[in-house]
Amino acid sequence: MSKRRSDWESRPQARFRKWYKEGFLALDNEIIDHLTRTTELPENIEDRLIAQQEEMTSRQHERTLALERLDQYNMLAWARTRGRKAISRLYVILALALGAMMIFFLLETVALMPRFGDPATPGANIVSERYITKGLEETGATNIVAGMILDYRAFDTLGESTVLFIAASAVLILLRIDRNKDGSPVQELIAAESDDRHYEPRNDRILQGSAMILTPIIFLYGIYIILNGHLSPGGGFSGGAIISAGLILYLDAFGFDKAGRFFTYKTFTWVSFFSLSFYALAKAYSFYCGANNLPSGIPLGTPGAILSGGLIMPLNIAVGMVVACTMYIFYALFRKGGL
Amino acid sequence: MTFIHVALLGMLIVCALAVSLTRNLLTSLIVYMAYSLIMAVIWMFLESPDLAITEAAVGAGITSVLFFVTLKKIHAIKGDSDEQAQK
Amino acid sequence: MWQLLYENLEQTVAVILFGIGFSILLLQRNLIRKIIGLNIMDTAVYLFLASMGYISGRKAPIVVDGVTQTTAYINPIPAGLVLTGIVVSVSFTGIMLALTIRLYRRYHTLDIDEIAMLARGEDA
Amino acid sequence: MTLVHNFPFFCILLCMAAGIFTSVLKPKAAKALTFVVAGTVLVLSALTLRLTLQLEEAYPFIMGHFPAPWGNEIRIGRLEALMATGFSAVLLISLLAGMWHTSNFVSEQKTNLYCIMIDLALAAVLVLIYTNDLFTVYVFIEIMTIASCALVVVRQNGHTLVATTRYMIMHLFGSGLLLLGIAMLYGITGHLLMVPLHEAVVNIVQTGEHMGPLTVVIALITAGLAIKSAMFPFHGWAPDTYAFAPPLSSAILSGIISKAYIFVLIKFFCRVIGLDVIISQQITPFLFVCGVSGMIIGSIMAISQRDIRRMIAYSSVAQIGYIYLGLGIGTKAGVEAALFQMLVHAAVKSVLFLSTYELVNVSGDHKHFRYLHGAGYRNVPAGIVFTIAAMSMVGIPFTGGFIVKLNLAISGIAIGGWVRALVLIALALSTLLNSVYFLHTVVSIYRRPAQELDYPKPEKTLPVVAVALFTSVLLIIYLGIGSEPILRVIETGLKTFS
């Protein structure tokens, strides 16, 4: 009860009411009260100060009493008890109503949208026409979607890779446990590691056996998807995610010690640094050439061959490495706050 | 618009509702995983194989793994607490 | 109107899913369910976006046998946009889950209101 | 195309490359690189501004080999260059005044990551200012959201964790609305670049087909960006976030990042849809009402705060209300006033957060007003700077805030009718409320403490911090006295903006 009470009183409305009724003086006095109550008084305190404090306490008491008397006459008392429950119920009803209203309005809109599957939608205009008819000769990619996201609209995709990088950095801020100055692990890290070891399977033969068979296949599949990104469905993002799934499976089966042999925090920083800088530099070069009407001098190759599509395949590889590293480090950080 | 297409779309709504109505956190996660897989199949119906691969790998794969490891870390998976209780 | 909605069934379902995700976001106090709600909301938007590109009877935009007529392939733009969107939403899921782990370690609950109450009691 | 034409592109690329490069640097080098990047961006943006003042028209810069309807592009005009210059100047000043304290909030091994966030946030702000493509807007808004979330949570206590969770949930919801709006707009127009989009929108308005979805699109995108920029009814995440983040982060968040969202909104209104359509779709009255209520309720909430940082955070909500008031008036003059307020508020709010930190620092790290008594004597430069910034907030002549209120009043009077009365009443009332809480704060930092409170000896203020704070005061006063050329740039820039 008292908790709720103090909770209510610290609500801005209540404080505003108080301020409105008694002016700034009341707020200031309250702060003085707070000050004298919470701070520990020094031992050689003067009598004057003690008297002051007692006076303040009594004034405070009177004010509380007055406020309580006031409460009996208004809805404050109601709000403190049944009000909260009613408000939470009202919130549920309001939220449902809002959701229903949103669905209703959007459904009305959907009824007015262009028909699904109609060949004459506004989307089928000069933009998509050029992507389809000229895409092969301008980008060299058989997969028009890959050509579109990595050549026509490459700036968006650069932003997208940056999203992954910044997300990995944000998760590092949140979950990475700092080490001591000399590089030795702190108590928290040791605790996290032991917690992780406690809950993970150790030397599970079935898991290790299947991981031995599956991991290379998963890696191969991921690499295939990345390298064929400009020829067939797939590309850096999906391939990178598949490779990271393989890495996660390996980590789960064999533990951090074995995975740490080829993938450490340093690996993560340098791999993502190199692939992202390659990406940014390559695209900067191509943007600069494009904007200044210079020929970029990158051969497009024969469409359909594996070495074609200009920059698309190297960019897909870079994106794939970034995605694989990011997803793997998400998983590792979630498990024990470090690699 | 074939029957199976409509059925899949209906399943999506059922899964979305089930996520919020199930009591167990693990169940709702598995339902969400099913939701992602259905979504991947729908991408195939919409002739977007790129999206289907990405959704299957990222949405149903990595996202679910991240959810599961989170649940494990906060000890919300039933098996863990039982194991602890036995000790 | 029902006829129109049935013709745009993909978009109708997407909008309903958006509403469901939104309601989950508002109503569930459990953080993990909130995150799932966010994901459902995002995928709903992607479904909406991708359905714009579909043209009945045409194939996926991968050039086969050098055919480059517009009438052969669907619109590739929505697919590219959704590809970007999926990756963005997985990054957000990662960050939100990391926040959840941190909050759970500190307050030992997943209820966002309870966490807010507990945090208010701390020193600023 | 001369080299100078490329400078905005170089700025964007420099920030992104610096962000990537910072990940492998040592903490000290990372900090130094951040300063260098902010300084370089300021210089390059100023040169771009000079170039655009000589050019009659804004020019597009193609990102790749393919022109407007096919490839990404950015577009550089006076207004964009002015905003980029202003924001990078504010960022540089904030860094100079606030970077030295980061070690109190950020552990040394995370300093790199903090610098990455600042660099990439600047990159995102620049892209949002310059871009001419709606989907690029979405992608970089997401980068900015993650960066700002990390800027808050880098100080790791319970409050920032909770504030960040709230922040993320609200912002993800906003992103969802924004993306749905963009998807619908693509569905009815088939374009993503702003110039062909505008042509398609004009066509829609003329033929009347898909008019209903267009209204919904405007509502969705406005709502999404309003949530992200802490417009009044959606401001719930703002006070906690601004109050508990490290001071440098608060300065960047409320000074620069929230303004970038509003700039995107203005760009969407003016360049994509067209102001006349926005007015005929009844969006502006909604923004007007939200702006007015934000101005008043934000101020009232600020008065009732006891924590000085929360007070400033709520005053931020009130100041965002001014911007939306200017947009809600719906005339060119109103939009100009809103743009000017964006610059003024960026300068004032960042310096308020940073000088408050200095004042709190000499008061034993207490944030309540009672403990701040006499802080103005203990740290003289911070006290003076705080006072002048507060004067600008209230709108005393010779400061930027005065010009803002004057311009808002003039643009309101030009309309007439109930709008005129409402604008004047809102401005008067909010000025009164502003003066109540800012004068109260100024009085309390200069009041002799009733009893001598024994505070621990604070760390010394570095001279560079004092210099940076005074520079921003000069900026505020310059915005008050020499506002004429800036207003002219905004006016002519807005003409070539759409």
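Letters A, B, C and D mark the chains as written, and numbering starts fresh at 1 in each.
Basically, contacts are C-beta pairs under 8 Å (C-beta built on N, C-alpha and C of every residue); 3 or more make two chains touch, one makes a residue touch a chain.
Only a predicted model underlies this, so the values are computations on that prediction, with no experimental measurement involved.
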{"item": "Distance-to-centre winner among chains (Cα means, whole assembly as reference)", "value": "A"}
{"item": "Selected interface, B-C versus A-D, where C-beta contact pairs are more numerous", "value": "A-D"}
{"item": "Inter-centroid spacing, chain B versus chain A (mean Cα positions, whole Å)", "value": "19"}
{"item": "Inter-chain centre distance, chain B versus chain C - centres from mean C-alpha coordinates, in Å", "value": "13"}
{"item": "Distance from chain D to chain C - Cα centre to Cα centre, in angstrom", "value": "28"}
{"item": "Sequence positions of chain C contacting 2 or more other chains", "value": "9-10, 16, 18, 20-23, 27, 51-54, 58, 60, 62, 77-79, 83-84, 86-88, 90-92, 94-95, 97, 99, 101-102"}
{"item": "Where chain B touches two or more other chains, by residue", "value": "48-50, 54, 58, 62, 66, 70, 73"}
{"item": "Multi-chain contact residues (two or more partners), chain A", "value": "106, 108-109, 112-114, 121, 123-124, 127-128, 131, 143, 145, 153, 156, 160, 163, 166-167, 170, 174, 233, 235, 237, 327, 330, 334"}
{"item": "Every chain pair meeting the contact rule", "value": "A-B, A-C, A-D, B-C, C-D"}
{"item": "Touching residues (chain side chain D, partner chain A) in the complex", "value": "1, 6, 9, 13, 16-17, 19-21, 23-24, 61-66, 69-72, 107-110, 113-114, 116-117, 120, 123, 127, 133, 135-136, 139-140, 142-143, 146-147, 149-150, 153-154, 184, 186-191, 200, 210, 212-213, 216, 300-301, 303-306, 368-371, 440, 450-451"}
{"item": "Touching residues (chain side chain A, partner chain D) in the complex", "value": "12, 15-16, 19, 24, 27-28, 31-32, 34-35, 49, 105-106, 108-109, 112-114, 121-128, 130-131, 138, 151-156, 158-160, 162-163, 165-167, 169-170, 172-174, 176, 178-179, 269-270, 272-273, 276-277, 280-281, 284, 286-293, 296"}
{"item": "Residues of chain A that touch chain C when the two form their complex", "value": "7, 92, 95-96, 98-100, 102-103, 106-119, 121, 123-124, 127-129, 131-136, 142-145, 148-149, 153, 156-157, 160, 163-164, 166-167, 170-171, 174-175, 232-233, 235, 237, 303, 323, 326-327, 330, 333-334"}
{"item": "Residue numbers on chain B that touch chain C, as the complex places them", "value": "1, 6, 9, 12-13, 16-17, 19-20, 25, 28-29, 32, 35-36, 39, 42-43, 46-51, 54-55, 58-59, 62-63, 66-67, 70-71, 73-74, 76"}
{"item": "Complex contact set, residues of chain C against chain D", "value": "18, 21-22, 25, 31, 34, 38, 41-42, 45, 48-49, 52, 77-78, 81, 84-85, 88, 91-92, 95-96, 99, 102-103, 106-107, 112, 115-116, 118-119, 122, 124"}
